[in-house]
Structures are given as C-alpha cells and as structure tokens.
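Each of the next two complexes has chain A plus one other chain: chain B in the first, chain C in the second.
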Partner chain A sequence: MSTRLLSASAPFILTVLVFLALAIALFIGLGQPPLQTLAALVQFAVGDSYSLSQTLAKTGPILLCALAAAVPGRLGLISVGAEGQLHAGAIAGTAIVLLAPTWPAPVLLPLMLLCAAAGGALYGYVPGLLRARLDVNETIVTLLMNYVSVLLVAALVFGPWRDPASQGWPATMQFPPAAVLPALPGSRIHLGLLLGVIAALALHVYFNHSRWADKVRILAGNRKVGETFGLSFGFWVIVLMSVGGALAGLAGISEVSAIQGRLQQSISLGYGLTGFLVSWLSRHQPLIILPVSLCVGGLVAGSDALQMFAKVPAASAVILQGLLFAAALAVPGLLARWRNAS
Partner chain B sequence: MPDSLVQFEGVTRRFGDLVAVDNASLDIRAGEVLAILGENGAGKSTLMKMLYGLYPASAGEILIHDAPDKINGPADAMRAGIGMVFQHFSLLPALSVRDNLLLSWPRTPFWKSRRNTDTADVLATLAELAPHIDPDCPVGSLSVGEQQLVELCKVLNIDARLVILDEPTSVLTPDEAERLHGFIKQLAGRGVAVALITHKLADVEACADRIVVMRRGRVVDIAERGARSITETVALMMGQSVERKLQRPPVLEKIVPRLVLENLSARRPEMALQNVSLSIAAGEIVGVAGVAGNGQALLAEVVAGVEPLTGGDVLLDGVSIARHNPYDAVATPLGYIPEQPRDNGVVGTMTLARNLALRELAQGNRPPVTGRDLLFRFNVNPPDPMKTAGTLSGGNIQKLVSARELGGQRQAVLACYPTMGLDLAAIEMVYAAMFAQAAAGAAVLWISEDLDDLLAGCHRIAVMREGQLVALLDNSSTLTREVVGAHMIGLTETEAAA
Partner chain C sequence: MSTELIAILASWGIATLRSATPLIFATLGETLVQRVGIINLGTEGEMLLGACVGFAVGVATGNPWLGLTAGALAGATLSLLHAGLVLGAGANQIGSGLAVWMIALGATSYVGRTLVGQQVTPLPALGTDWTDGIPIIGEVLSQMTLAAPLALLAVIFAAWWLNQTRPGLHWKAVGESALVAAENGIRPTRVRVTAIMVGGLLAGFGGAILSVDYTQTWAQEMTKGRGLVAVGLVIVARWKPALVLPVCLLFGLTEVATLRLQSAGFELSPHLLGTAPYLVVLAVLVASHIFARRASAMPADLKAVFQ
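Presenting the complex of A and B:
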C-alpha cells in the first residue's frame, strides 16, 4: 500500500524537484542569490496574510479558466478559448452594470454574474456549433476568437464605454458598490474564488458520479460507438463548449468587479493560457485542478511580487511559469519511460 | 540444418499478473514459411510484437542473426530487416495509398512530394500484389481487405528478411487470399522468412513449411509440414477436439417481414448505396456476399443508424430506425456487430463490464449486473469485468462485442464479419448465438466474405456489387459457390455456366 502510494506520488515529487533545480538555475543566470531568491518567492506567495490573499486572488481566475478548458477537454476537445471567453464575460457583465448602475445589489449582482456567464457561454457556443455542424477545428476557432474579444474590450474602453470623468484613461466608470462582488474584509479573496471551488466540486460529481458521466466518457473514448447507441456528439460538443465558456466568463467579470473595479484593458494576466495548461496538467480532473491552480496561483503572485521587490526582470514571472509547466509535462513521461526500460 | 534467422530462447512476457507468453523457445529460418496457430489470446500477436520491438520481453532472449544490437523498437526492427503487418492496421486513412507507401519507404528522399509522379519503385509491389487498387485513392475509402494489402506492400517495400503477418487472410476474399498465398511462397523462394499468424487452416495448407502451435502462452508443438493431420493440429490448439457443425436453418413456416430496407440510398466519399431494398422475415437469416469494398460497410452503418441515409428508410416491425438527420444520433435497437470492432464496437478506455453495458450507460441508466456471466458464456478471455477493453486480444474484442449484442434476445441482428479473427471454437459459439437469435424470431442480416459459411447457414443470399444489391438468391441445395461468385464479380449466369 505505502509503496504504491510512493510510486504514485513519485512523478509529483520529482516534478517539484526538477522545477526547483530549473528555478535555481534561472536565478543564478540572472545573477541573483538562488536560495535567497527562492525563499523570497515562497515568502511572497504564502508568507503572510497579504501574500496569501494575493495568491488566492490569482487562484480564482486560473481555476475558472482551467475548468473552462477541462469541461470540453473531457470530450477530447482542445479549447484554448478561455482568454477570449473571459473577456466576453467581462464585456457582457459590464454591459448590464452600465445599463442599470443604480439597481440594488441583490438584483444587480446575480444579474451581472448571469450576463457574464451567458456572454462567455455564447463565446464558447460559436466554436462549439462550428465544430458540431461543420466540423471546423475548435482549437483554431477558439484561438482566433480570443483576439476578437480582447480587442473588443479595447475598442469599448477607448470608445463608447470610456468614462468621461477618467480624464482620458481608457476605462469604464468605476463600478457602483452594488456591483462589486463581496470579498473577505481586508483581502482580495472574493466570491469568484468560491464560485470556482463550487464549480470544480460540482463538475467532479457530474463527470464521475452522475448519470451523464458515462455518456461523455463513451463519446470521448469512441465517438462512433457513442453514436451507435444514440449519443449525439454534436449536442455534447455544444453543451460542453458553452458550459466551459460560461465558467471563463465568470472569471472575467470577477476580475472586473472585484479586483479592478472597472472594465479596462489587461484585466487578465494571461489567465486563459495558464488555465489551459493547468487543465492539461491535471488531465481535466477537477479535483486535481483545484490544488494545481492554487500552486500556480502562488507562483504567479509570488513571482509578480518578486519582480517588484527583488531585482529580477518582469519576464521572469512568465519564465518561472514556463519552467513549471515544462517540468510537469516532461518529468512524468520520462519517468514512465525509464520504468518501462528497466 | 538451415540458417536460423531468429531465435527465441525462453521468452516470457507478462502484462501485470497475466502471462501472455510463457517461456517460449522457437527459431525462424531464412526462406521458410512458419505458420503460428493458436486460439484467441494464446499469445501469438504478443510473441511477434516482442520480435518487432513493440514490447520488451519480461524474461528470455531474442537473438537475431547478423543484427548486433538489441531491438528496442520498430525502427530497430526495420533496420534489422524485420517487417510486420498488424492485425490492427497502422495506415493513415486520409492519405492516398501512394503517400502511405512513400511515408514508410526508407528510400523516400525528403524532397519527394505527393505530387511527384516518379514513384514507380514504391508502387511496384502494389502493382504485383493488388493491381486493382488505385494508388491515388485515399486509404480510408478502401475496404479492410484492400487496406491489408496496402499494409503488406508497405512491409514488403522495406526489403525485409523476415515478414510477420498477423492474421492477414482473415479479411481477404478467397481470391485475394489465394493471390497472397502465391506471393508468400514467392517471398520464401527468395529467401525471406515469413511468420504467418493465422486461424485458417487453408493458409497453413497452402503455404506453411513448419507449423507452431501455441496454447495459453506456451509453444506446445513445432512440426514440419505434413507431420500432423488437421485434426491433430486442431486438437493441439484447443486441447480438445472441435467439430464444425453449421446446421442449415429450419425452413420458415410463415413469412412475417420484420427488418425491411426500402430503397436505401446513402453516400460517402468514394462509395454510394443505390436503392437497396430487402425484406427480412422474422426468423430468417439473409447473408450478404460481395467482394470487399462494394458497399457492405456503408450498408451496415446505414442499417444500424450510424451513417445518415439520403433516401429510403429502414423499418423494424414497421418503425423507422434509420438516421435521417446527420445531427441527431439514433440508438440502434439491432444487435449490431460492426466490422473491426476494436475501432467501431468498443470503448477501449473503459472496462469490459461497462462495454457490455454501453446501451444502458448511453441512456443514462444503471448497468445490469450480468457482466461476468456474459463474459463466461462468450468465452471472453480473461473474463475479468474490471479489465480495460483495449488490452484484450483481437479475437477477444470480437467475442466481447458478440456477448453484448447477442447476449440478450433481439428483434433483429446485423452482423458484419462476426467471426473475424476468431478461433474455431469461438466461431461455433458465435454462430450458435446468432442462429439462436433467428430461431427465437429475430431477423438476421449477416455480412460475410466466407461463402461456404453463408451457403451453410443462410435462408437467402444477397449479392452486393458497386453499392447495389445485384442478386437475391434462394439458398436451395442447388446454389453453389460458383453461382454466387459469378454474381459477385458481375458475370451473368450463362457466362458462369459456360
């Protein structure tokens, strides 16, 4: 039993070790004292309550975007559209706030979340429909659609939605308090994270213990067999792409409402792509996505702070992420190969 | 003693607890045809896959004459002059025949593009072995038998010293098989060793020099040609004797149409079904004969509601069961055994128990608990419901699908090559289950390339050619292979008689 546990966790432990080695090499290359810098990274990720709140603030959107890739991923689809869906959700959620800024929070908040989810879902629905009906590759469509909604946000905040009071700064007006997602007092831990956790748990149950679980599994395993027994591949493509889009849409409005307080450019620190990688590392399993999102959230927050306080270049945050993913993708494969050979 | 090209010394291969090949010792000599017989799951494919470098041996050694290094993968094997044609093909369906051959041709210079017409060398073997295959048509549109021939050309093209064929004739028409036998003998004459895994004694009679029999992972017998009688060989394979007893189905007392195909039309690139009409009565068995690639696959998928039809209808007891709209899937009520069940009949990543319950699971219902019984009844090996379907041997996947489709009573059965890759005992078992369905009132549509079996078991035989039913023959005692065969290739009856 314990040896089995050990051999199951070996890839994980080795991945972490390899990542640390690569990170140390990076810091040495940058001329920084490696161990101290590493310690500072950990400090900035989980050292105190402020760091922890930063980490969790990054975890939320990464988690939601990872789920956005995981949901279609369960059917074998490769959606890289979380970034675009996040922006589409942000636009749709902001629209309702701009339309009805004076509505009370109990009405406005749920409506805002709903619109954001719908906006994201629509943004997933389109590539889903194209795949289901015309067999257009969903990866390409989602990739291209990312540019559209990111640029649409720019067009809106530079144009019709720009707040005249902001003196030229491209952003909408500040959200009214009724449209700001509740957060733990004095922290940036907001409702979006809770939604992500609930969604992950719900998806776990749905994909593993519900009566629909096997339908998706059959279609993912063998589309033709699924269709022989009456499962419509197209239907499930559309449903899962839309649900994934809705989750990313929630990530978008959470960033706008709880973190930025207004819609502006650069609401996402590349969460869509980060989430995509998290999802694939976790093999689209929600219960694995949860802790992995937290780790990556910590890395993002920690390296973000590191570049501000230590003398490392801004790009090192992205490089560290890249090293983590490279290690996580390469190590288990290499390990399996060595085991097979021996 | 002739040169031994390959020597297996005490080779064992385990998959977890299962011993697939157990302490096998054997040599393969240059210029001989070595037939490898054994029931499903005996370890034939695994033994040869080890030689080809796909699996390392768990114990023992494989020595290859003149090849200094150990074989660690197919690339090494090819370099050592070993080629293998798999039971389960490895062609790229979207590419043309020519491109598939070019891709695996070691002498293909990288600048040779698909547009290059200077590829005669690559196509030489193809022209010899299968002149009727057009090198420019995509592999996906070929019949299984034709794909097998392309796969074979691929291997012959590497100038192999040893060619491994894993059940090459199970999907070939008698004609194609005969041509293949000739080719195998020719290869051996040139000094190439051929290892031929087969379930067909006809293959053995036609070309084997030595015969190896495997049972449950062990090599139980190696004999020169002619040293054993057929019954002895079969007894060695099975550990018991099996006799073939296909009984003519009872004459129907009354004709109640059950499964009705009405003017079916359907289209797929390279193949079209035109106005296929056929009415099968309750209890009736109708066979479909035809040269591979004449639309049988498309017909099956249209009747099973997998492929949408463009015209006509399929009725089961008067209710349409066809897929009219390509966007809606329909659950087929037929007991449906598709061709190539590994691709079309099972979900390889799921357990045997779940594969048996796919119908229920797809409806969102709880699976029944009869899994283990069914596995035993249909002799699926290993009968472990928790095993993953993808790890079963080719024949056992076929049995698994039969278990699911024939395990309970059906109103109608559609069986495509239901005995492909099965050993004799399993063939009897599947036929028995299929005929029992008919006896209990099911309408049975049975697509096969084995004319003898069709003649032995059907009430009527329909012949398909170029997407149409060209003949519908009553299987009276006067119907012969020759008559059916003449219809298959398009001779009129007078020509056939002449």
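Presenting the complex of A and C:
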C-alpha cells in the first residue's frame, strides 16, 4: 500500500466520511436514532432481493440521466436538462404507442425507444443549438426548459391523452403488453437498466478509444487551439447535447413503460437532478458513473422505504443528496488548502 | 381616454407589478452577486427557503412583517453555504448553487408539510378610508401593499448605490478583476461574501413576499423556478439594476395574462398556459443574445465561470 495511492483516494474517502457525518447530523436533527437509521437505510437499499430490485429500478433512470449530463460534460458543458429531456422522451415514446397500440412488440418496442430517444435528443438539441450559434448559456436554458416539458406532460394527461376509463385520474390508457419493456420476472429490473449499462460501456470505449473523442478532448481543453486545428466547437456542442438528451429520453420512456405502465405526472422522482449529481461525483466518467448510480439509487430507494417503515420524511432523500453534493464540492478544495498550508 | 379603459389598464398594471415583485427582489439580488463576479443558482433555493420560513413565521406570529424579515434572514443564512463552498473551498459555482437548491428543496418540503392549508395574515392594503373616495387612485391603492413600492425603492437604491457610491465602485471593481481590486486595497473575498449574503437576503425576502403577500399560501416547490428565471434575467438586464425592473415586469405581465385568460374561460389547458412565462423568459434571453453584445456588459471575472 503506497502512500501515493492513499493520497489519491484521500478526497474520496474523506468525502464519504463527511457525508456520513452530515447524514448522522441530519437524522439527529430529525429526532431519529442516527446509527440505527443509517443501518436501516442500508438494509432497505440492499438488505434482501426485494430491496435490491427497488434499488436497481431507481438505478436505471439515474444512470441514464447521469450519462445525459456526462456526455456534454466531456466538452465542459454544464447541462442540467435531463429532467426535461426525460419528460420529452416520455411524451414522444408515448405518442407512438397511442398512435399504434395494436402493433406487435418486435415493431412497437424498438420504435417506441427510438421515438423517446428522438424526443429527448430534440430537447437537448435546442439548448445545444442556442449555445453553438448564439453562445446562450446552456445551464440556464436547460434548467428553464425542464419546467416546460414537465408542464407539457401535465397538459397532455389532463387533456387530449387522458384515458376516459381512468375515472378522472389524469393518465393515458394503460400501455398494451406489446409496449411494456421486458423485465426480469417478479422484479422491477427492466430493459431500461440494461440499456443504461450498455450505453455507459459504449461511452467509455468511445470516450477513450476513438478518434472523435480526441477531438472533443482537445476542444474541451482549449477551444481556440481546437478551432485552429479545424475542429468545430459548435458542431460538437450540438452533437453531444443531442446525444445526452437521447439518453435521458430513454430513461423517460422506461419509467413510463416498465414502471408506471402509462404516462402520468410524477414519472420522475427528480432523476434529472440526481443524475447530474452522479455525473458530477464521477467527473463525467462512464465507468465510475456505473457504481455511483447504484449507490445513489440505493440511497433513493432506501430513504423511500425508510419513510414507509420508520418516521423518516420522504424529503430526507433530497436533503441527503444535497448534503452529498455539498460534501463532494467542499472536501477536495479544503483538502488542497490544508495541504498548501502545512 | 375613458375612465373604464384607465381602470382596466390600472388593474392589469397592479396585477403585473404584484406578480413581478418577488422576482424583482430575487433578480436584483442575483444582479448584485454577479456584479462581484459570482453566479449563484442557489437563488432558487434561497427564495424557496425564504418563502417557507417567511410563511411559517407569518403564520406563527400573525405578523406578516416578522415573516418577511425571517424569510430574508433565512435566505441570507442559506447563501452562506454557497459563499463557504465557492470562496472557502474553491468549489465550482454552478455545482455549489445546485447543491444549495437541492438542500433547500428537501428541507422546505419537510418543514412545509405542516404549512399546507394554513392561513397567513397578509400585508395591509395601502388604501385608507381617506383615499377610497378618489376615483382610480383609491382603487389602485386598495389593491396594493407596501411590497411593490419597496421593490421599486430597492431597485432605485441599488442602481444609485452601485453607480454613485464608493463601496459600489469597489463591488464593480471586484467583479471586473479581483486581482486588480486586491492590488488597490480592496478585499475581494470580503466584498464577495457580503454580496452573496445581500443576494440571499433579497432572494429570501422575495420568496417570503411570494408566499406571505402574493399567493398567501404555502405549496411545495412554490417558487417554480423563479430563482432560476432570475439568473437568466440578470443576463437580459445586462447586469444593470435599473433594467431589472422592465425585464421582471415582462415576466409578471405574462403570468397575469395567462391567469386572466384562464379565468376568462379561455379554452386552453392551464398547464399549457403555464409554460408561457418560461417560454417568454427563454425568448427574451435568446433575443438579448441576438440583439445585444453581451461581452461588453458582463463583469470580466464572471466570464471565467461561464467558460
């Protein structure tokens, strides 16, 4: 065990420790026995096969949304638009199912995924185009566009897409079996998760072993240098924002098809922002995003179950994510400061 | 012009002003923060916390002014987290703002559970028995509270302070270059912490006005991106406090128009109409990039954050 390895992993270990300390402080603040609550959180995340299945069900959309932030992130773009792209993908994917509900699964399923990816991609293309052509800040545009597509989903399920048979509940009709993503029997582990894993592996290969990836790396390092080599920053902004959007769109239709069985409001538990957090923690590295998605998926699923069985509020999941984010932002800088001082 | 038309215009004007007031405070705060070279997406969280704490204190004490004060202080306190992460730990400003937002989102949805459906004592209307008899003016005053005039005063004061006073000059100098400012005896970190806190104070106050004065209810995530809208509108207002007023009024006008279309029985989904304020903000943001040269107005130290 060399000291070099130790010092390289110090920020990570310290971040986890600071986060645990903050989580304990939160549970004390909520009047819960901190260590038992923490143990129960882990138990509810990975304790048995049911918990694990819940955790994996949350991991799928978080993973795809994290990749949606990571792809533009490789160019130094800060896209916080996965939530909106997820909803756009859900709308586009649902549209084809409502249009052709009787088509057989081998046709309908791929078409549905393709439409969802296209819907998400379009929703990433717009901020990408604005950034590329007019230099409009992509962070602000994606954040504002999130509210628009969430409202569009509401407008559709309260309006033209509402199923009259649903007795006033704002939702589309139940998806036909041909439009439901295959899942492992008796679990909520569905094709969406597999797509996310494949995408992560593919992106890893792409980002590390392709000629295009070198172009992105050069442009991300120094835009002016890249452009003197004849690389187009704007082109890559548009491409990467669209690809990111497509991945989040897949997360959207997966939730609709495999988890909810129909389009309705609240298809996302804030997966967009959670995915952004995961991508940030993983420094936009697809191979690191995989395990981190699983951990944060466990955190979300675990605190979801905690509120049902213990008196821990549902909101603690969001607070814990915020604290994790704050810890990850604070630790490296403070550590560097402390090292410089000593 | 007929009295009727004036009355209609006055009613739209007041409604627009009231809808824009929370946003004016938040955008003004964010403008001051960005003028010292810091971007704070946590404005959304600070507004939300201000709305929640302000409403809670307003309900508990029965005094709306105490609620507004508490909301402002809550916003300023939360903004210290952003200041600590960005200035203390050198963290990425966008990331830090989002962390602040997440924490506020979770905390307010927990604290706010008991506030749903509660009644708050609103701010008193400006009209008195004495003014009620005056046509139009009496009507206007009876529909207004002190919140909107306060927002106008805040804008005027901030514009004067930033451009005409020595500390204001220091703030602008820090935003242009912290290094040069430090060489001239200004302490940039101190200025930036102060600005972030003033921004938090104004965002919290704006949030509290939203819940205590404007909607007079608490709902989870009730700011609905107003704090993020504020960050976008700062760019449209070209980092000038005086321009905060017209751009926020445009947002207010859009919101009032959508609300009035709905109550007029207009056959369009309220959710679809609800997208209009965001689309208008996006449209003016894009238009401002097409028609105005941004680089000249943007504080130089802020450019590094945006790259």
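Just so we're on the same page, the second predicted complex is superposed on the first by the 341 of 342 C-alpha atoms of A that agree within 3 Å, B and C clash if a C-alpha of one lies under 4 Å from a C-alpha of the other, contacts with A are read in each partner's own complex, and residues count from 1 in each chain.
Keep in mind that, in the parts below, contacts are C-beta pairs under 8 Å (C-beta built on N, C-alpha and C of every residue); 3 or more make two chains touch, one makes a residue touch a chain.
It should be emphasised that the depicted structure is a prediction, and the values quoted were computed from it without experimental measurement.
**Q** For A:I140, decide between first (touching chain B), second (touching chain C), both and neither.
**A** Second partner only, chain C.
**Q** Could you tell me if A:A330 is touching chain B, chain C, both of them or neither one (first, second, both, neither)?
**A** So A:A330 only meets chain C here.
**Q** When both complexes are superposed, which of chain B and chain C contacts more residues belonging to chain A?
**A** C
**Q** Now for A:P313: first (chain B), second (chain C), both, or neither, which partner does it touch?
**A** second
**Q** Look at A:L151 in the shared chain and tell me whether it touches chain B only, chain C only, both, or neither; answer first, second, both or neither.
**A** Second partner only, chain C.
**Q** Looking at the overlay, what does A:Y50 touch: chain B (first), chain C (second), both, or neither?
**A** The answer is neither, since A:Y50 touches no partner chain.
**Q** Would you check which partner chain A:T228 touches, where first means chain B only, second means chain C only, and both and neither mean what they say?
**A** In the superposed model, A:T228 contacts chain B only, not chain C.
**Q** Using the superposition described at the top, list the residues of chain A that contact chain B and also contact chain C.
**A** Shared contact residues on chain A (touching chain B in one complex, chain C in the other): none at all.
**Q** Show which residues of chain B lie in contact with chain A when the two form their complex.
**A** Contacts found on chain B: 56, 304-306, 327-332, 336, 338, 343-350, 354, 358-359, 361-365.
**Q** Taking the touch rule as given, give the residues of chain C at its contact with chain A in the complex, in rising order.
**A** Where chain C meets chain A, its residues are 41, 81, 84-85, 88-92, 94-96, 98-107, 109-110, 113, 224-225, 228-229, 231-232, 235, 269, 271-272, 274-275, 278-279, 281-282, 285-286, 289-290, 294, 306-307.
**Q** Where on chain A is chain B touching in the complex?
**A** Residue positions touching the partner: 132-133, 211-212, 214-215, 217-218, 221-222, 224-234, 340-341.
**Q** Residues of chain A touching chain C in their complex?
**A** 76, 78, 80, 130, 134-137, 139-141, 143-148, 151-152, 154-155, 158-159, 273, 276-277, 280, 313-323, 325-326, 329-334, 336-337
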